[in-house]
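You will see two complexes here that share chain A, one where it goes with chain B and one where it goes with chain C.
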Partner chain A sequence: METDRRDFIRTFSALAAAGVFSARMPWLSGLYAQEALRKVKLGMIGVGSRGSLLLTLLQEVPGVEITCFCDDYEPNFDRAQQMIGAGATGYTDYRKMLDQEQIDGVVIATPLDLHARMTIDALDAGLHVFCEKAMAKTYEECDLMLQAHRRNNKILYIGHQRLFSARTLKGIKEIERGSIGDVTQIRAYWHRNNDWRRPVPSPELERRINWRLYREYSCGLMTELASHHLQVANWILRENPDYVWGSGSINHWKDGREVYDNVNLVYHYPSGTHVVYDSLISNKKYGMQIEVQGPLGTIELETAYIFKEFPEPAPGILQLLNNIEKQVFDVVPVGGPTWVPEDPSEDRGTYLLERIIKSDGTDIQMASFVSDVRNNRLDPWLTEQGYSSGIATLMGYESMLSNRIVTWPEGLSL
Partner chain B sequence: MQTIYRQIRSMGTVMDLVLPGSQDAYADLLVKEMRAELGRIEQRLSVYRPDSDISVINRAASKGMVTLDREMAGIFNELFLFHQETRGFFDVTMKPVLDFFLEHGAAAGAVPDHITGAAGMEHLRLEGDRIRFMKKGMQIDLGGYGKGYAMRKILEIMTSKGVENALISFGGSLVYGLGSHPYGNSWKISVPVPGNSDGLTFELKDETLSTSGNSLNNRKKFGNSGHIVNPETLRTREGNGLVSVTATDPVRAEVFSTALFSAGRQRAMELARLHPDLKVGCFFV
Partner chain C sequence: MKDTTITATMKKRELVIFLLCFAAAYTLNVIGIIKNDAPARELVTQLHLVLLIAFILYGAVIILRVLYYLISRLWIRKK
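Presenting the complex of A and B:
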């Protein structure tokens, strides 16, 4: 465990060293402080594939005790018990767990349709909550979750780890510095090439295990993938989309699934900026990216590369330009064997970080949640990021289902 | 004084333009025209494009005579003139030899006969506007010529638009000083070399400075084998070193810097003495 902790601390120091914590990112500032490590007691609700990953990451955060967990699927239950050890009490009913356990908060990683109920119950039980993305399956559920968070004055994190990823943070800092000028368009996509299924031990478990494929439980690619990029888009633009139009279909994986295997949407924001989004699971050539475009350049956030529209002059040319400005006539070192290797003429971009950081932010996000729980520190903005992404995600989904333009719903709490 | 700076990516490198006393709108028009012309030349002369004119010639000329249009015929005539003027040290048929060293490294043994046999402009037959490769496997690479040609065309555009003063740098290896610096009577340029803090210095007034050699960047890409072949020994020039040449005509400057570097110090000095119009600076390890 010592090694794991060191790994975590190393990642975190790397983030600090990369200068990604700016004053505009107050939710990270708490992590600076050397805290007295009062034990934080947490319970897990849902320990499937995502839940067990979150559990592993939590076990690497200093000062955390996972005292209980809940899962109604036996293989998950057994695995969790093994991971945490006999000291933790296992439940198959989360309400019982909330009633019986003395804990500070819960981490919820269950199918989308369960998020709202479980989150609201936990908040009303006086607990802090980390709930996986997307926030919820309907506008009303998102709103009720936000209200419960406000009413109880308890922390509510939605699992958008890009808020804590070094690459995204550095990229957004660069955007705020004006490196690409005003953002005029965001192009985002998430492409995979697989059936998006999980193995099912017996047919009656199909809908339960592959819940992501059925409309009763999930909104498919929108809630499971697009919500991340929409959160980042809302964050960059510092506003929420006022309308969206989209189109989706099942054109490849015709295997009885109900959710689209390809989606295409255009989000319009009040400033006149558009977010153009597409996702599919029948081709992975282009992978995943958020391309933030402006008159001075493009930033690819997922990989933290910047591409300047007007690249800097060669060093000697820069010196010449400075000399002319100062009315100086002097020798400038412009000549030499080709200073740029003779390669195809494309600009391969400049990496924004000083060294490669592999973390996608999930580990830092879990550490931040623990730290906030320990210090009872609420950041409403952070919750609102999950909320506005959740609403935007559902707007896109509704637009595709109804084949019409969908506007930001009226009567919401935000 | 307002000075306009523009950059054009073309021909595998970057062209920097410094235009003192110009206006944005005017520079944009100029750049637009230059970009189009550079694109056109690249499409004609680049061996990196499989559909360029030179690639078509490379595929067809060993099978039979290929008829050249007027511009290409002019270019081939010039290639032969420079081949003679440089006593064979400028030779556009060295690509198969270079490819061999890039693949096998500087320490590679003897170059196979079928490659050496196909190297040498004496195996190129130019009859009026028709060209033919007399040996199988011959390949033409205009690497030591194309940028000079492009610079010449760029200067034609500038002159036709009435530009009087400008500095144009094609990746640093080819620099043209048009007119003069706004606060001087020329453009003062240096080429950094190890062990000499001033570097090699040149004053350009309507002149080109061309530099050929093995730079750090080139070595990263080409390894120790270098990237310029000596047509006499059919080996690449290894180690650090460079040759800078100034001439009024950009093509002449580029051709001679390539030829002199490939020739090595001794032969370069002999060759340079035959052409007093050129100013030559060199650095060899």
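Presenting the complex of A and C:
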């Protein structure tokens, strides 16, 4: 498994270097020179379910040493200690860890409401930071994080792994090549069918473990899921939404949660393009997808398929045989219906990549973070992607809560 | 079991029948290109389809010939 992933990262880097993805993706260049290895020392803040996945991926990146970690929940603390080994120092207070450890950077995977202060403290301590998405819980916090990144001249990654996903990268290259014409609409959705709850050992831990369900700590489906798709939409359109209107409710999981279990939003962009988004956790027939639509076709980014509106016609001989078959076997209508349904285009789609790639980009993103830390290579655009996605996410959330149209906030740093 | 002899005449006849099938399939390709305004390169690029159709036609001719043979034998016996 470890070797497979290393091979994959190496292959991915080679593909990026060969220009298989877009030339306008400079953040991939950091991956090329993985071989001249200086040890990178990192600390983990938050090693719950997501944090331990990130930890596993980091342990597979060559030249990384996890020297310390922090978590104030005992089961997480013990698991992390076991995963890393006795060589790493464990803390329950991240500030102590920042004060006492000689490290290059930290990886933050804590509940949303803690992102801002932990990130700003780490940046101010002179460390590079990888912080899980969404960026933060308020506009002001997002802005303070961006300012801290600029003030300290330190790397700030926000965990939007689609920036490193081969499927998304290839799809975006096709969009840039004009394969679907101008982008006229993006339709995105994320559907699941589960209560989104984690088992709680005792009732007083409910809010702490199921923090995603409570407004004090999270903005629910918006920050946990929608932020990914909004980041991709902003990336494709190369602009930020100027306004959004949305509606959400709790119509199925009425179990005391505070965040919506279904959300529906329309984002408007200055170019006139709309992003239509919905998410629910009571039906998963359609799963998740980002459908980028244009007059010449549709690209489904999550699966890397392109569907042409006007597919290449079949060879002449096949068309001839089809016509003969139709003339012989088709029923001849004596009168046509006054209304027929709008049939979808018939193209079954073409897979955009040479081979099936299962990685969602998180492994490549962790390798890229390590590489950038090693080379002290800052990419402000990458941070700004996390920032604009964070702001767009919070605009949608505000629109649903206030039941009104919300515009891009004024006075922000971007 | 008797030995079966395939004579040179028989081989020649089968070859001629197959060539006729191929010519018919190729004619279909030409008509398809003209009628559907398809690119002329399909005269070459669709040869695999032409060959496939030629084999199908040849198979159909074999079935017809076998049927003809069986019916004519029955006819002779009745006489």
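Quick note on the criterion: the second predicted complex is superposed on the first by the 360 of 414 C-alpha atoms of A that agree within 3 Å, B and C clash if a C-alpha of one lies under 4 Å from a C-alpha of the other, contacts with A are read in each partner's own complex, and residues count from 1 in each chain.
The criterion applied here is as follows: contacts are C-beta pairs under 8 Å (C-beta built on N, C-alpha and C of every residue); 3 or more make two chains touch, one makes a residue touch a chain.
Small disclaimer: the values here were computed from a predicted structure and weren't measured.
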Contact-wise, after the overlay, does A:Phe310 reach chain B, chain C, both or neither (first, second, both, neither)? first
Quick check for you: in the superposed arrangement, does A:Val334 touch first (chain B), second (chain C), both or neither? first
More residues of chain A are touched by which partner: chain B or chain C? B
Does chain B (first) or chain C (second) touch A:Glu410, or do both, or does neither? neither
Partner chain(s) touched by A:Glu74 [first = chain B, second = chain C, both, neither]: neither
In the overlay, answer first, second, both or neither for which of chain B and chain C A:Gln319 touches. second
Would you please give the residues of chain A that touch chain B in one complex and also touch chain C in the other complex? 313, 316-317, 320-321
Which bits of chain A are touching chain B when the two form their complex? 310-311, 313-314, 316-317, 320-321, 324-325, 327-345, 347
How about chain B: which of its residues touch chain A in the complex? 1, 3, 5, 7, 9-14, 16, 18, 20, 48, 143, 167, 169, 171-173, 175, 181-184, 188-192, 198-202, 209, 211-215, 217-218, 220-221, 242, 244
Where on chain A does chain C make contact in their complex? 313, 315-321
In their shared complex, chain A is touched by residues of chain C numbered 28-29, 31-38, 42, 45-46, 49-50, 53
